[in-house]
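Some structures are shown below for you to check.
Next come two complexes built around chain A: one with chain B, the other with chain C.
Take a look at the complex of A and B:
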């Protein structure tokens, strides 16, 4: 590691929200209480597919304490979606009017003086359904004879995506070895510790304030305006603290919509908090997929061609699923150079809970298939697993044809370091093995199907008389630490100490619009906006300093660690706070305000920058019971310039725990359209004793598009773990696991199967 | 159901509540007294975000009725900081970045505090991991939390250390 050339960046600092969080004073939507507040509950469909004949709330309204019952007919009936540029993908009325399409879909909502009364009232609402035939698997739903879930959508195909480059047929001709496999990937619940929650407060002057657990206050402001018929600016979304997001909290949810509709009807604040069961059955999930992969290589391991077909279980509505469909196809090519590549993805509606974005955004599924198949190919051809990856690895400057340009790439160094790490491990005990997986990920998407007229990120920096800096950003801190990261960037750019920075976020009335916390976009995009705003403010200060100091204009001035100085003679200068005081006087008392914004341009189709990583998972397999445990999870990681050291480690370890869960624990079976384990007893996530040590090996690179050379960290690392675990199982036992998560019984069954076949690979 | 009188100490202060006997401890603390540091995250006593200390032991506030703690001494996260000084566990959580979204943090800190009270010198980190097994965290992957608890156990935050 070279010495840190920065004053603030890449140092260990306390999270700027830390004191509030460790003293229990951080106030989440779950904690919000307003005067006169009512409590809402949602009546949900018990059927996977049914026509609504009638909804009669008469008896519910008679229950003392009940204030209102609303159904879809009390709403504007807008079919909404997050792909606003594509009306056909805006397919979800949150209080459905004609049909229900999954178990748990909202059909009515109640407001009452207590949560218990609201709950009792649900039982008194009489809904008559005409039950319809249903289908909950995409391979069935795509058949001609399957029930039609959305009117006019033939074979239930919601979205298709095609990616192709090179001459695929010719490249397969050149291949000396071709292998094809089918895989099945499960869903996964976001399982945020704070379930979906909203307090909506409408006043009769047509203003709506919405406290909500969101990854993107701006998206929710805009989406609510669309479904409620209000002006965007008359809606204020507040989210000071958010109990986790992971890709599940930037679409409009039923707590937001129903609380708002009830509040508008009653002109009272209404709070709706989902139960854990509601959060499991009636939000969205990681997209389950069927993957067909055909890969052609030369005998020396050079990748020639890949052809992939994917059928995703879209569930009842589109949500962010259309993006996941594209990204899974794109990242399935990652992080390798394919001469020719063809991907066809089909997102199929089914009568099950909708699937959408979740940390990794389609890439964990893609890597599970790709990275395991690569190891199987290497085994078939007698090639080294590191060497085959090195031979085909992305490098800086590579162009993914028609898709992306790689501005920085430390993949080869990642491979080198993991190779050394494995060698140093030496021989492992029986039933233990190391599996690896490479991966890469985007640093924010270049997509704007939401059709925002605003910059992707904006920031405003205001300097007060005492030198304190107010940083206003629309970026949302959902626990990933963006407030801290952006404060650090602001402090570094301005040249002041971190304690001079106050971050304001999570309030659409006071913060500039920003697309929010998803797709690993905030460090780069909100970071660039923040840097620009801070530099704008700094320039104004330095103009004043130049005039004041009266140096020859050829000298450069700068600020570092609160010291305004001549770069050539750093001892000559003055304290930053004193300069601010004088500068304000010179500006007729105006505070100094800097503005910054960022929208990616000329960066291809996907993202302005890509992170790279190689992970090694050391796993132990109990051959009797199939029980898996991960002993160690070590990652060589290229995220460009690290910004927030402590936050980075936390993000990477957190990603590993969620990804390990996807690898072998977090099974989410759906039978007859019903989620079978919608509680935390039966849905297992990683607990403290299951969590392996996670060593992080930082690879030094510089990303030209990122603030100070920074790029994505924390989402991408969800991508390799399940694949690396599968590879560890393969190297320990010879078993090829083609289904994720890899459950113990699958291993036991695979052993039995293998025995039957005479134990040959 | 007839209401009952509940007298207990919360963070060393006496409180009296006239309360429905079905009220859970976490409800009494949050909804009746405003100690909202403890959260609720499941309906099955599985997640631990409602953890408080009852007579020094970590208890999930959703798994006991308020009337069951009559006469007992409850400590919530709000009661840990003394005279403007963070409890060592809180300080260690800050130093190690042992939280992200923070929703599990109050409960996690209370479990950690109770664990260290009972086990001031854990023999290895696995013992620490088992000590917080009942608390789920979706953000951190626990390792930073284990490092924080380990630092406290190793005396990093002892007076004069």
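Take a look at the complex of A and C:
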């Protein structure tokens, strides 16, 4: 390993908020208790599709302790959505007025002096419904005769997306081998440790304070302003600690909306915490998809053309689904150079819980189909699975036609290292095999459908008299460690020790606006803003130092490890804290303030930078029972310059666990519009004893657009695992599994099917 | 949300039984709470009184006697059984079963009496204990009785207990000579409940013949059931691969499984067949060696 050229970066650092968390002192929304606080509960639809005839709260209001019942009619009735630039995609009222469109949709909310009373009151609200025919599968919902879920939306087609480059027909003509497959991908629950929760407190001066579990305080400030008729700046969103998001907590949720509406009605604080079941049935989920993939290649494995059609189960509302629809089509081309590519995506409304963004944002589904099909093609043509990928791999400087330019790409190194790793493994026991999958992912989205007037990320660095640095960022720490990452970047840029940095985040009153923690954007975007702010402050300090030291102006000054010095003669200098004290005096006592911001420009349509990875999954299959065991999950990973190497491992292993769950466990059946396993007994997620060995091989690259060359690391690794697992099954058994998650029963059935086919031939 | 209840804490078994006799249907017994609290939270159980027997030391014991066998007090935790050297030596199958019962956190709280009385067909201890021919000792303020565990479950989530009765102990007879008992469940997650489970106990005569067989299927019917046709196939025979396979098939046929989101009925029968074949073979090989 080469010596670390950084003082703070590229080291193992424990999270800056670690002490507060492990000692239980961290205040999550669940812990917030305000004087006079009431408790809210939400009445939810038992029907997948029904017209609301009437809602009568009379009996509920008679229950002692009940303070208010609100329905959609007590609200402004605004149809909201996160795609604010596109009014037709703003389709969710949260407290619905005319119709319910999925089981679990909120129809009324109660505030009472205890949670128990609020819950009892729900049973006393009399809702009359006219039950309507429903449809919960996109392939049914798109048919002419299907029930119409949103008025005027023909065939329930909510959004379509088209991506195309090259001459697809001609490229297929050139192909010497063509194959087509259909795949079916399931949903997945975000399963945050902390369920959705809000405490809203409205006061008579028309100010609303909202403590909530969010990935983006700024989004929620703006979204609440829109539905409540308040000015954005009169709403303060506070989220000091958040117990996970995974893509599920940056749209407006019912806890935020209903608690705010109740609080505004009563001028009292109202707390709503979702039960685990509510989090399962009435939030949003990973998007289930049907995938058709037709691929043409040369006999030597050169990729010619791909044509893909996708139908996604949108559920009742749009949410972030339009982005997932685009990104699944985009990443389905990844990480390869297709001469011609065509993608048509259809997001179809159904009467089931809405689908939306979830870690990987459409890419895990895309890779499951693409990467397995590549192995099947390689097998048919007698090609090596590494070689076929190497032949077509993205490289630095490649332009995805009309979409993106790749600023840095370590994919070939990833393939080399995984090839070596597989060779070193040697011969495996029977029924065990290694499957691989390559993938890439974005480092933050460029798209601004939210129509934010603010910079994508901003940071303010304030240096106090004692050298302590207050770093204010709008970036949101949701457990992924962004406060630590940003503190490290700030310390490195300023040249001070990490313990000098105090990070302030999760409070819209005190932190600059930032789009928040989604799409793997914070390390790059908030990182660049932080670096810029720190450098601004540093420049001011060095101006003072330069005047004070009186060196020839040809000398450069710098700060490193709290030592302000002449770069040419590093022993000459002074302590940073002493310099700050003097510098403040020179500024008439003002603190030193540096400002930074970042908004991507001229970086294509999708993202300023892309991570790359190749993962190898070693799995064993019990061919009689169909049981899968993942023995090892090793990833060669290019995230540019690692910032916190400890945090990086946490992110990558966490992604592997979630992705493996998507691969073989996290089945989320919906029957007649109803989620069949809304609890942690019946919904299976990987627990500590089930976690496979994980190994990370870090690939050294430098991303010109990232702070110190860094790119994303938290999300992309959710993409390859299910595909790699499918490939391991293929190489161990010859089975081609076209449905995710791959349940053990499917494997047994596939064996039976194969036997039958073998018998008839 | 858990509905309000009155919490009662008896000082001894006698007091506990008096409370049960007084409140009868209005009372529920709680110890580790690992099963009861879940269904109370789901609103499936609403009770006026909760009688907490956790502190009753009389019920917390593990005693082995070479004639009477193993006595496990009802409030003995799963973790205690799992970590007992005595149990490990005399009934290794119980330790193996406990090691895979839920998580360590659950095993630290959950008790053997509570588990058996909860009567979940997917519970781990019942199939193993039925294979070991265990009996349950039951007390009430009017007296006591003893019931073979095999007869303890009349139906789905039901026991023969009347409202004033309390399980006080489980008695496991001393293992007969040349006998091996093995257990395996099928699940997707380590230590999860079994989608199906099979316990097999085989005894081999000096002549190398299968003398006795007890095969118990878990989560294969509304209650843990003996696979008696399968047992008949084995008894009186020298076992071989062919018989193991036939045993599996027979067990798959005599099971009465349901379909749910975790497995279809067919898949459950298939798994029972595979597991029964594997476990019968394993038990046979072990029994031939002891």
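The rule is simple: the second predicted complex is superposed on the first by the 758 of 761 C-alpha atoms of A that agree within 3 Å, B and C clash if a C-alpha of one lies under 4 Å from a C-alpha of the other, contacts with A are read in each partner's own complex, and residues count from 1 in each chain.
Operating definition for what follows: contacts are C-beta pairs under 8 Å (C-beta built on N, C-alpha and C of every residue); 3 or more make two chains touch, one makes a residue touch a chain.
Predicted model only: the values in this text are computed from it and were never measured.
Colleague: Go through the superposed model and pick first if A:676 touches only chain B, second if only chain C, both, or neither.
Modeller: In the superposition, A:676 contacts chain C only.
Colleague: Counting only touches as set out at the top, which of chain B and chain C does A:686 meet: first, second, both, neither?
Modeller: After superposing on A, A:686 lies in contact with both chain B and chain C.
Colleague: Tell me the contact category for A:549 with respect to chain B and chain C: first, second, both or neither.
Modeller: The answer is neither, since A:549 touches no partner chain.
Colleague: When both complexes are superposed, which of chain B and chain C contacts more residues belonging to chain A?
Modeller: Tallying touched residues of chain A, the top partner is B.
Colleague: Touch test for A:211: chain B only (first), chain C only (second), both, or neither?
Modeller: neither
Colleague: Output check: A:22 vs chain B and chain C. Expected answer is one of first, second, both, neither. What do you get?
Modeller: Only chain B; A:22 stays clear of chain C.
Colleague: By the touch definition at the top of the document, which applies to A:479: first (chain B), second (chain C), both, or neither?
Modeller: After superposing on A, A:479 lies in contact with chain B but is clear of chain C.
Colleague: Of the two partner chains, chain B (first) and chain C (second), which one does A:14 touch, if any: first, second, both, or neither?
Modeller: The first partner, chain B, only.
Colleague: Return first, second, both or neither, reflecting whether A:664 touches chain B, chain C, both chains, or no partner chain.
Modeller: Touch status of A:664: second partner only.
Colleague: Identify the overlap between the chain B-contacting and the chain C-contacting residues of chain A.
Modeller: In chain A, residues 681, 686-687, 689 are touched by chain B and also by chain C.
Colleague: Give every residue of chain C touching chain A within the complex, in rising order.
Modeller: It comes out as residues 1, 4, 38, 103, 186, 188-193, 261-264, 267, 270-271, 274-275.
Colleague: In the complex of these two chains, what residues of chain A are touching chain C?
Modeller: 115-116, 119, 624-625, 627, 664-665, 667, 669, 676-677, 681-682, 684, 686-687, 689-690, 743-745, 748
Colleague: Which chain B residues qualify as touching chain A in the complex?
Modeller: Within the complex, chain B touches chain A at residues 35-44, 46-47, 49, 76-78, 80-81, 86, 90, 93-97, 99-106, 109, 126, 128-130, 132-133, 135-146.
Colleague: Residue numbers of chain A touching chain B in their complex, please.
Modeller: Residues 14-15, 17-28, 30-31, 191-195, 241-244, 246, 275-277, 478-481, 646-647, 649-651, 653-658, 679-681, 685-689, 691, 693-694 of chain A touch chain B in their complex.
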